[in-house]
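Across the two complexes that follow, chain A remains constant while its partner is chain B and subsequently chain C.
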Partner chain A sequence: MQSLAYIAKRLLLMVPTFAIVMVIIFLLVRLLPGDPAIAIAGDKASDADLAAIRERLGLTQPLLVQFWLFLTNTLQGDLGRSILMKAPALGVILDRLPTTAFLTLYAVTLSLLIAGPLAFVAALNRGRWPDAAIRAIFQVGLSMPVFYIGLVLLTFLAARARLFPVGGIGHGFLENLHQLFLPAMTIALYTSAIVMRNLRAAIIEVLDAEYVQFARAKGLPSRLILGRHVLRNALISTVTLLGLSIGNLMSGTLVTETVFAVPGVGRLMLEAIFARDYPLIQGLTLTFAVLVSAVFLLTDLVQSWLDPRMRLT
Partner chain B sequence: MTRDTILEVRNLSTTFARAGRALPAVRDVSFTLGRGEVLGLVGESGSGKSVTLRSILGLSRHYGTVTGEVRWKGRDIASLSERALRSVRGREIAMIFQEPMSSLNPLLTVGMQLTEVLKAHTDLGRSERRRRAIEMLDHVGIPSAAARLDDYPHQFSGGMRQRVMIAIALAARPQLLLADEPTTALDVTIQAQILDLILGLAREYEMGVILVTHDLGVVAQTCDRVAVMYAGRIVEEAPVAPLLSDPRHPYTMGLMRSVPEGVAPRTALYSVPGTPPALDALPQGCAFAPRCPSASAQCTATDPALNRLAPGRSAACHHPVSLAKGDAA
Partner chain C sequence: MNTRRIASALALAAVLGTPAFAQDRGGILNFARYDGSQLVDPIYADRNPDIWMVGSLFDTLLRLGADGKSVEPGLAESHELSADGKTVTLKLRSGVTFADGSPLTGTDVVFSLDRARNGDLSSWAGLIGSIDSITADGDTITIALKTPDPTILTMLATFNTAIVSKAAFDSAPGATDQEKSAAIFAKGGPGVGSGPFYLCGFEQGATMDFCANKGYWRQGADGKPLPYLDGVHFQVIPDDATRILKLQAGEVDVAEFVPFARVAELKADGKLNMELFPSTRIIYSPINVRATRADGSPNPLADVRVRQALNYATDKAALIGLVLHGAGKPMSSPLMAAATQDSINMDPLYGYDLEKAKALIAEAGLPAGTKITFTTLAGSADDATIFAALQQMWAPLGIDLVVEQVDGPTRGAKNRAGEFDIHTYGWVNDVNDASQVVGWLGHTPTAKAVGTGWEDATFNSLYEAAQTEMDPAKRGDAFAQMQKIYAEAAPLLFMYETPFAVAVSKQVSGYVQTPLGANVFEEATVSR
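So, the complex of A and B:
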C-alpha cells in the first residue's frame, strides 16, 4: 500500500515535467521559419493535405488554442502522420520500440554481467596487478567512441570470424540474443566501463565501512559478508548511475542501431531527422521523455527497495 | 593473579604502509587477560589501542602487517587463516565498535544482523534463532523487543543502537569482549548505562573484557587492570587502584593531571605539553622523551623496556616516578 501511494505521488510529480516537454515539442514545429503545415506535411504535400493539417492543428487559431488541440490530440494517441513512413507516427514508433527496449535491456544486463564480477575482483585486489589490468582494459573501452567499437566488432567477429550476423534482427527471444549480441555488446562495453569504475570505488568504500568490520568480527563467512553486506550497499550508487545514464544509453542506440542496421527507435530518430519528418521527431522526442521518466521512477523504486532509509520519503 | 589466563598477547606489532613509509601503529605489545577480567587499554588518539584490539581479532591484517602471537586458550589465533578464524570471531571473542551509527548495516533489519550471528555459530533453527534474538534484545534493555526485530538501525536512537550492537556481539555467548570506545559517541547520561550493561553482562556470562578508552574516569569505574599505551607501546601496566593513586610512568601522570578534578573554576586546564610523535617519524629512544619532564640523555638514546616494578606492576621508563612513596625505583 505504502509503495503504491509512493508511485502515485511520483507519477503526479511527473505532470509538470511532461507539461514542459509538451510545450517544447509543440514549439519545435511552430518556431521553424515558414509555414508549420508545410513542415509537418512535407514540401511535396498537396494544397488539400495542407488544408487538412491546418484544420486538424487549428493553425489559424491563437497559439493557446493550438496547444490545447495538440495536447488533447497527443493524449488521445494521435501524434500525427509520419511523412517518411506514410503512416500514423504512434504506430510506427510502437512498431520499433520493442526492438530498442530489448537491445537496451540486453546491453544493461551484459554491462552488469561484465562489470559486476570484475569490479569485485578489482576492489578485492586493490592496488595489485589484477586491479591495474582490469582498470587499464576498461580505460581503453571508455576512451573509444561507441561507433568505432561497433565497427571493430563488426569487422572481426561478424565479417571475418562469421560468429555473429552483420546486422538486422531475428525472430523470437533466443534468436535475437544471438542476432543482437554485437550491438548490445557495443553499448555494453562503454556502459560497463562506467559501471565498473563506479562499483569498484563503491565496493572499496564499503569494504572499509565499520559495519563490514563488524560483520567480519561477527565471524560471518566471507561470501555472506560480500553478498549481503558489501554488494547491497555498493549497488545503491551504481543503480543511481545506471538510471542517470539512461540518456546516454538512448543516444548509444542511435549510433549502434545505425551501424548494425537494427530497426529500432534509435535509428528511426536519425532517419526522421534526416528526412525532416517533424511529426515523427515530435513523437519520438515524447517517447524518449516517457522512457527516461519511467526509468527514473524505476531507479527510485529499486533504491527504496535497497535502502530502507529512503522508504519514508 | 589468581584467575587462570585466557588470553595472552605476545610481542604483537602492527605496521601499516602509507605512501611508501612504514607506520608502526602497534609496537611489541604484550599482555595477558584472566577469565572474567576487565582490562582497560588507555591512551590518546593514535596511540594504537584500537589497532591492538583489531589485531587480536585479525581485522588489521587486511590493511597492514601483523606479527607476534595472540594465544587464545593456548593456541595462536594470529596465525589462523580467515576461514579458521571464523569459529573464534563472534563465537569466542566478540567485538563492539565506537560508532553505533556506522557499525550497524543500514540496509538490514536488526533482527537479520542478530540472527545471522546465531546462524553462523549455533545449530538453532530459524524460529529458535528468532526467539533467541528477541531474548537478547530484551536482555540488553530494548523495550518491546519482539516488535523491533524488523526495524532498521536508523529507527533506533544512539544509545539503543549501542545496545543492539552489544546484543549482536554477545548473541553467541563469547568468553571475551573487545570493546572499542563503546561509549565515546554517546551522551554522558547514556554512557554510564551502557558501561553498566557491559559490566553486568560480563559478570553474568563470566566474560573477559578489554575496554579501549581515552577516559580515565571510565577506567576508574570499570576496570580491574589498566594498560596505558603511548605511540604504539604499552608504557605502564598495573591494577586500577594503584595505577590511579600512584602512577609510575610520567605519561600516565600527565594523563591523570589532565583530568579536571578539584580544580578551581576559570583556571587553565593542564594538558601534557607537546603532541604525540608522528608514527612514521618516531624519535630514537623513548617516544615520550620529547614531552617528558624528567627525560635524560639515556631516554633519547635507548627505548626503555617494560620492566616489572612490583607484583602486577610494570612501566617502560628509565626514571619511573612515585607520588606515594617518593622514591624512584
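So, the complex of A and C:
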C-alpha cells in the first residue's frame, strides 16, 4: 500500500518535469539553423517552393500557436505527422522502439554477464595479477570509440569468420539473439568496463566492511558471505550506475544502430535531426524522456528492495 | 546399351551446347542501399532514394533513350508535337496493364497527369506548368499547352509524370490524396503501377522488396517479358564500411555509393566488378558575390577578378586525385555536367595557372592575409580534404582560408540567407534537360543563382527566352551563351564531376544506374 502511494507520488512529480521537457524540445529543434522545408526540398527547390512547403507544414504560424497545437495534440496522444516518413510519428516510433529496447536489454544483460564474474575475480584477487590483467583489458575497451569496436567485430567475426551476419535485423526472438549479438556486444564491451570498475570497487568496500569481517569471524561459509552480504550490498551502487547510464546506453544506440544497420529509434533520431523533422524529433525526445524517467523509477524501486534503508522516503 | 548411352550423352550435349544466347532468368537480387525509401509515388518522391526507384514500379508515357538525350516510346507507342508547339498527341500502347492485370487506360493517364501538375500536391508541379489540359479519347491522349514548351516531351519521360492507377486511388482509404498514396504504399501489391516490378514488402528503414511484374510490356532478349529477375531485395545499410563488408561476405550482390577511397581496393577484388556509372553529378562551391557580407563587412569576393583568381589557383587534377582517387574529371561546362543536353565543352575551364591567379589578385588589390571562410559539411571526409587542399593552394595568393563545419540543413539555410563566403555543394539532374540545373545555378529569380546573389540581366533574359524556344538549335545557342557568360563571371568555384561508384558481384550483370541516378533492374540478371 505504502509503496503504491510512493509510486503515485513519483509519477505526479514527473508532470512538471515533462512540462519543462516539452518546452525545451519544442524550442530546441526550432533553434537549429535550417528548417524541414530546406531539408525536404533540398538543393533543388526554388524559394517559392520552400514557402509553399512551410505553409503546408504549418511552420508559418506564430510560435505560440505552434506550441499550443503541439501541447494539446501530444496530450491526446497525437505526435503529429513525420515529415520525413510521411506517416504518423507515433506509429513510426512504436514500429522501431521494440528493436532498440531489445538491443539495449540485450546489451545490459551481456555487460552484467561479462562484468559480474570478472569483478568478483578482480576484487577477490585485489592487487595480484588477475586483478591487474582484468582492469587493463577493460581500460582498453573503455578508451576505444564505439563505432571502431563495432567495425572491428564486424570485420573479423562477421565478414571473415562468418559467425554472424553483417548487420541488419532478423525476425523473432531467437533469430535476433544471433543477429543482434555483435551490436549488443559492442555496446556491452563499453558498458561492462564501467560496470566492472564500479562493481569491483563496491565489492572491495563491502569485503572490508565490519559486518563482513564479523560474519567471517562467526565462521559463516564464504559462499554464504559472498552471496548474501557482499553481492547484495555491492549491487546497490551498480543498479544505480546502470539506471543512471540509461541515457548513455541510448546515445550509444545512435552510433551502433547506424554501423550495424539496425532499424531502431537511435538511427531514427539521427535521420530525423538531419531532416529537421520537427514532429519526429519531438516525439522521439519525448519517448526518450519517458523511458529515462521510467528507468529511474524502476531503479529506485529495485534499490529500495535491495536496501531497506532507502525505502519510502 | 552402350550405343544408347552414347546417344543420350550426345543429345544432352546438344541441349547444353545449343543456345549460346540462353537468357539467365529468375532469382532474387540482393541490393545494399545507402538510405531507405519513404514513399515511392511519382509525385511525392522528393528525396533521391524515392525518386530513383519510381521507374521500377511505374512507367512514363515516353522513355529516355540510351544516349540520354532523345525520347523513345514508352506507354505511348507514338507521340506528335504540333507545329505551333502547343499540342502533344500521344497514342497509348494497346494491351498494357497494371501489374495486377487490370488495363491501363486514358482515364489513368488523365488522372496521373492532373495529379502531377497540381501544385498543392507535388513540389514537381512546376516542371509541367505549361500544361493547360489533358484529355483522353479512347487510346488517344491530347495534352494542350498554355505556351510552347520545348521540354514537354522530356518531362513526359520524367519520373513525376509516371502513370498510376486511378482505380487504386479511388478505392484506397484516406481523405486526401497524400493519405491515399501512403495507404497504397504501406499495403504494397501490384495494383497501382505498370512498371517492371511491384512493391511486395516494406519495413521502414530496414528492407524493401520488389517482385517481378509478369505481364510487363517490354520484352527481353529471349522474346519473353522483362524483367529477367524474380525480384529485388533491398537492405538499408547507411554505413559505407558495413555496406561493403556485407558485399564482401556475399550477403548482398550489389553495394551502392562506394566511397572513392575504396574504389581501387574493390577493383582488385576478383569476385567484384567495380562499376563507375557516368552521372550528371557535379561538385562545386558557390561563392557569395554580394558587395557586403551578411555581417555588413565588405566582401572581397564581390570582385570578379578575385573569384577568377581562386578558380585559376585551384588545381582540379590534384583535387580529383585527393578526393576521388582519380575517379572523376574536371567540370568542362560551368553550368552542368558534360552528359547534360546542351552542355558545351570549355575544357580546360580555368586550367591551373598560379601566375595568372597572382596577377589577378594584384590587379584587384587584395591585401595579403585576407580571411575567407570555407563552409563544409561536418563529418564529410571529402569536404575536409577539399578544405585542406584549397587552404594550401590559395595560400600563395595571400588568402587565409578558415573552415566552418555545419550539417546539411544548416548549410542550406546559410546558402539561402547569403550567410557564407564559399561553401561546398553538389547537384544531380532530376530531369534530362539543361533548364533545371541552369535555372538553379544561374537564373536569379529561381534561387538567387544558387544563393550567390549573382545577377546578370542578359543571362536571365536568355534563360527566360529558352523556356519557350521551340527551335532546338536556337535554344542550344542560348544555353551556349549562358555558359560563356557564367564562366566569365565565376560565381562558383568550378570543381569536378563524379561517377556513381557501385560495387557489383560478378554473378550479376545488366544492373545500371543512369546519369540521373535512377536504379534500373529491368535487364539485370543474377546467376547463382
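Heads up, the rule we're going with is that the second predicted complex is superposed on the first by the 270 of 313 C-alpha atoms of A that agree within 3 Å, B and C clash if a C-alpha of one lies under 4 Å from a C-alpha of the other, contacts with A are read in each partner's own complex, and residues count from 1 in each chain.
By our rule, a contact is a pair of C-beta atoms (placed from the backbone, for glycine too) under 8 Å apart; a residue touches a chain by one contact, two chains touch by 3 or more.
The shown structure was predicted, so the numbers you read here are calculated from the model rather than taken from an experiment.
Once the two complexes are laid over each other on the shared chain, residue contacts for A:38 go to chain C alone; chain B is not touched.
With both structures placed on the common chain, the touch criterion links A:167 to chain C but leaves chain B unconnected. In the superposed model, more residues of chain A are touched by C than by the other of chain B and chain C. After overlaying the two complexes on the shared chain, residue contacts for A:216 are found with chain B alone; chain C is out of touch. In the superposed model, A:308 makes contact with chain B only, not with chain C.
For the contact definition in use here, the chain B contact set and the chain C contact set of chain A share no residue.
Residues of chain C touching chain A in their complex: 38-39, 44, 46-47, 119, 123, 126, 178, 182, 186, 203-206, 235-239, 241-242, 245-246, 248-249, 251, 406-414, 416, 425-427, 430, 436, 439-440, 446-448.
By the touch criterion given at the top, residues 32-35, 38-47, 49-50, 52-53, 84-87, 92, 95-96, 151, 154-155, 158-159, 162, 165-169, 258-261, 263, 267-268, 271, 273-276 of chain A touch chain C in their complex. Interface residues of chain B, counted against chain A in their complex, comprise 54, 57, 59, 82, 85-91, 94-95, 97, 99, 102-108, 116-117, 120-121, 152, 154, 165, 168-169, 172, 178.
Those residues of chain A that touch chain B in the complex are listed here as 209-211, 213-222, 224, 228-229, 232-233, 306-309.
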